[in-house]
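Next, two complexes with subunit A in common: one pairs it with subunit B, the other with subunit C.
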Partner chain A sequence: MTGRRPGAAKENLAGWLFVAPVVVILGLFMLAPILMAMWVSLTDWNGQGSPFRAGVPFVGLDNYTRLFAEEGLARQDFMTSVRNNVYYVAIVVPAQTGLALGLALIVNGRLLRGRTFFRAAFYFPSVTSSVAISVVFLFVFANSGAVNGLLRLFGVEGPQWFADSRGILHLVLGALGVVDPDAPPAALTGGGPFGLSWWEWLSGPSVAMTTIIVLVVWTTSGTFMLMFLAALQNIPVTLEEAALLDGAGRRQVFTHVTLPLLKPTMFLVLTLGMIATWQVFDQVYVMSQGNPAKTTLTPAFLSYQTAFNGFEYGSGTAISFVLFAIIVVLTLVQRWVLRERRA
Partner chain B sequence: MPDRKRSLASTFAGYFILIFVALVFLYPFVIQIATSFKTEPDAAANPLSPLPHLATLDGYERVFGTDLPLWLGNSLLVTVIITTGRVLLDSMAGYALARLRFRGRRALFATIVAVIAVPGVVLFIPKFLVLNQLGMYDSYTALILPVIADAAGVFIMKQFFESIPVTVEEAARIDGAGVFRTFWSVVLPMARPALLTLTIISVQSSWNEFPHTLVAVQDPALFTLPRGLADLVSGSLGKGTQYPLKLGAAVLATVPVAIVFVVFQRYFVRGANEGSDKG
Partner chain C sequence: MNPNTRRTSRAVTSIACASMLVTTACGSGFDDAPGQSAQQSGGPVTLQILIGSSGDAETNAVKQAAQTWAAASGTGATVTPAQDLTQQLGQAFAGDSPPDVFYVDAIRFADYASVGALEPYAGKISSPDDFYPTLRTAFTYNGTFYCAPKDFSTLALIVNQDLWAKAGLGDSDVPTTWEQLTSVSEKIKAAGITPLALGDTRDRVGAFMVQAGGWITSPDGKQATADSPQNLAALDYVRTLLAGKLAQYPSQLDAGWSGEAFGAGKVAMTIEGNWIKGALKADYPDVKYAAYELPAGPKGKGSLSFTTCWGIAAKSRHKEQAISFVEAMTKADQQMAFARAFGVMPSRQSARSTYTGEFPADVPFVNAVDYAQGPVNAPKMDSVLDDFDTGLQKLTSTAPKTLLERVQKNTQAALGTS
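Let's turn to the complex of A and B:
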């Protein structure tokens, strides 16, 4: 290293001094924990003493294989939680993205009066405490709560939301007369992958889970609306006007000019949405604790519960690493599906 | 303009829908506040009404009969310390990454971006393991230290420092000011908008933080407001309905952020969009 600028050594030192606190904290509470958890996921540590003690049983990959390959409660619970979360993601992500885009398009209207107010109103739920909001929704969806009160105005008797473990898809299939939910066809109940029957896999989200779905769509749309709004405001007005002058209809302008320009933001919103929905935790903790009949159990909550209530830390960390893998894989798949098709 | 009438009608319909949607977004908060002032039978009988039949402070009196004042104090303390820490430490690191040439800078920045991408839930149990191992579990240190610097904040500050011209700093350096002095008296004052954005996001996120408190403490004396509220709902006090009490506590958890939001709205917006750039 010859010919360095004068003071380079000093700047090197200053640089490291400036980043040192952040490096120590992130290293100690982000990187070290992950390494430590990798070890714990290979053991049956029960929370007593240090996991590095000599007496802690080393079990290899047992905590992982039990989730996939072994008949038993661990796999049953894990697969149930995955099923619940798949339905949750499949509904929340499209719903919040669509709603966010719709709100952004409306609020972006240059002639709209009170747009600041509307923008703030839609965004406000996103900034408040998830715990506090969950408590509010416990009341809103209570048996004698606002939603059932509203339904009663239309002569509909609402369900007991938080006690209702019936799957929506089962209910729909039953209502259509395709199958009888009380006596499902034996072909579906007989067997299925990973210890759950096909009938169980095809439940849809439970009635109780829909309350969490509604809550989350309602709270997160505002954040994503802001992202769409920022993207919309970056689109030069002249571009849309030119298309209009060329004789394109409003709908055509939207599908052929506006929407393609929103594609990067769309990708971002879908990715962030998917990452966040696979981690749903706070709402489950406050509103349902995985009940009724484990239909609101999610991998994130299951991992917490397994470790802190069941004292099976190895199993709990294994679940969280599998969840991590699910998120990474799905992000990569999504990136590949939505990749830019540049000529 | 042949379709002027139609456009008037569609404008009207547009506002109608918009106001309806705004109501859907805000009404739960109206119910929250109204119910906190209701009596229990009133809350159960008229869950939709925006006004209490007979306003009462009974719910709040019972709220203050719980440990809530203590949790409120803890939340305040934790929020202030974490925010101060983040603003200082994140901006120092962001500045170094943007301006100072030190060995390993690129690798460090890449690591920080990678850390942002790690999903928070994956860290629940791991954080507990480390806190436990270090003997910090169940203390204020456990509540504060692990979150006193955050990768996203470093990222935001680095982006900001790169966007401002370097000339002023160079002038200060030529005048003989050291790196730290330049940072403190020249750079930080110029960074006020970014610092304010970072402050607002930190206040909001540390005030609302819930899962970290679950793995950091178990003594009710160390609970923050969200943790206490969650306990209030799912724990022993959660038996029975007691909605005025629960919603009163929820109001207290919501109001401070609501005030900050109303006053500093544009910084929230900026923060949300900064966050989106990192994707």
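Let's turn to the complex of A and C:
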């Protein structure tokens, strides 16, 4: 391209100059800190002075291998946090996507009265500060709070939400009589990958974690509803009418016309949802600090705790880089699953 | 000037602005950290003091004391209450600009001392031997006494006198041994009252370990001693209390901590520190209670002590002034003033009789300092102890031996690598 036309080089330079402020800002505030953090994750820096001084011990990949290969508390905590987060993502992402789509369909319905009101009402939780909502939920789910009060009306004695570390899956299996949660089968407790037994891996989210799950589903579905709504309103009515004329029922129109047209938005919502859920921090920091019994510990919070409370900044940053890798890999997998297929 | 060059020059200006913005933003980011003041060279010195305050009463008392000192010494002093002391200190240390003076909790002390963040100044304070020995041990790392204890708290047995009478018990029934604790608890339970609220962490259950003659680490903090018959005896005993519903964790009692369950009249006894006085006065002023020394175990009396010291940053540029400030803050008179303002116990033995004279109800707390065990004094133990707490929460469903073996293994790993 260069040299084809006089002045192109000059324009190129001008272009670079125009984007330079952004490049400088992004470089300084994103790229440089990331590179610096990457360096920290390879050292045993103890948080005193600059990590770039001589004398900061370089430990190579030790901080990473400790998370995966070495038996110890570091690996156990990290794997516990990963387990918690896997269950969290597995429930929150489908739930919030489904709820958001449902809300969008309702609000998009031509027959609904007061659409603007509902649109605002559904979107409201998304614009409120997550810390404020977390504090409200602390009261709602307190032992003598609204939720347990409501359950009591139906004669159900609600659990002590934030103190209950029992896994939901354990409880369900126990209720079905498959296993006894107080005396799990030796085959499951005997061993398992990465220092946690199979029994621990299969705990499901704890009762305490479900409160955070409910909170997040409720707060984020509004935002995603808005995205689905925008996409729904972009679908030409003629397409749906044509399908109806061809003899399709309402359900068929939805599954064969509406849903396929929503696919790009679906990918966006799923990806954004997954990234946000893997990074959950505010709610854990405000509501539970990883308690009870480490069942609300997530990698993002563990990274913070390791670095700032334990002075193990290397380990803490290593955790955040592993988290980054998890998110990138899962996003790529999602992209591959939802790719355009030619029939 | 043709339009093209004008555009270019404007772009250049905007870059210059942007980079200026960036650099100033950077600069202010680092300046935010307390401890750096512009007038360090030449002008009057101002000490930056970061405190982890328990509330307004403490903040105001410390601010007032600092002002008095500043007026007398001619050195400025700015007291800042921290929102999150650990995090703010961590950032300040990493940014090479720590506050001159700050609170150091004994639980975190070894972490700070081991990385060289603290100035070992305690020897320069007048009569350092006047501080209680257990508090000095709590702030000693590798044989050096680092920082002057600010004040301290200990655990004692708190008894609800109304419920006590309701269960048909008198003053002579207050348990002084584990056996008596069990039998008294059974009587209270028979009267339909939950006997004991016990916090589900090492900071409460640990007292039983001390009474049995055990602890998590050796006195010098170099060896793991969790997996011992003494600790096993302690956890077995606590487990029988829990299993027989003679003791319950606060979460089982619908309470955030034992003091809340006690104040609400759900339990006849609890094991808490002297901070419970302030909490009860504020939230449950009608509860009639008294404090007694904890029942003795197989090895005798035992309690836990909690303390905070005035840390001085190794990188502080005004160490002399900082030491003079701490000297003023730890004087017996000043500590008594703090005691009156926000209910802490003075760390100097010379203030003991004044304090017990003025607060006779606190004698059991003060007496406990003679046999109390301080927090684990070794670096990198934070996650290990958290893990132990997690285990204690599940004490009824886990074998104590398994629990202790796990703590032993983790402690060895933490101490070995430190």
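Here, the second predicted complex is superposed on the first by the 319 of 343 C-alpha atoms of A that agree within 3 Å, B and C clash if a C-alpha of one lies under 4 Å from a C-alpha of the other, contacts with A are read in each partner's own complex, and residues count from 1 in each chain.
In the analysis below, a contact is a pair of C-beta atoms (placed from the backbone, for glycine too) under 8 Å apart; a residue touches a chain by one contact, two chains touch by 3 or more.
None of the values given here were measured: they were computed from a predicted structure.
In the superposed pair of complexes, A:Phe311 makes contact with subunit C only, with no contact to subunit B.
In the superposition on chain A, contact of A:Phe18 is made with both subunit B and subunit C.
Shared-chain residue A:Ser144: touches subunit B and subunit C both.
The partner that reaches more residues of subunit A, of the two candidates subunit B and subunit C, is B. With both structures placed on the common chain, the touch criterion links A:Ala120 to subunit B but leaves subunit C unconnected. Of the two partner chains, neither subunit B nor subunit C is touched by A:Phe68. Judged by the touch definition given at the top, the superposed model places A:Leu323 against subunit B, while subunit C stays out of reach.
Applying the stated contact rule after C-alpha superposition, one finds that A:Phe58 touches neither subunit B nor subunit C. In the superposition on chain A, A:Ser50 contacts both subunit B and subunit C. Residue overlap on subunit A between its contacts with subunit B in one complex and with subunit C in the other: 10, 13-14, 18, 21, 25, 28-29, 50-51, 144, 307-308, 313. Listed in rising order, the residues of subunit A touching subunit B in the complex are 8, 10-16, 18-19, 21-23, 25-26, 28-34, 36-37, 40, 50-51, 103, 106, 112, 116-140, 142, 144-146, 148-150, 218, 222-223, 226-227, 230, 265, 268, 271-272, 275, 278-279, 281-282, 285-286, 289, 300, 303-304, 307-308, 313, 316-317, 320-321, 323-324, 327. Touching subunit A in their complex are the following residues of subunit B: 14, 18, 21-22, 24-26, 28-29, 31-32, 35, 43-48, 89-90, 92-93, 95-97, 100-103, 105, 108, 111-112, 115, 118-130, 133, 145-149, 151, 154, 179-180, 183, 204, 207-208, 210-211, 214-215, 225-227, 229-230, 233-234, 241, 243, 246-247, 249-251, 253-254, 257-258, 261-262, 265, 268-269, 272-273, 276, 279.
Touching subunit C in their complex are the following residues of subunit A: 10, 13-14, 17-18, 20-21, 24-25, 28-29, 46-51, 72-74, 76-77, 143-144, 160, 163, 165, 182, 292-294, 305-313. Within the complex, the subunit C residues that touch subunit A are 4, 7-8, 11-12, 14-15, 17-19, 22, 26, 86-87, 90, 93-94, 96, 111, 115-117, 251-252, 254, 315, 379-380, 382-384, 386-387, 390, 393-394, 397, 410, 413-414.
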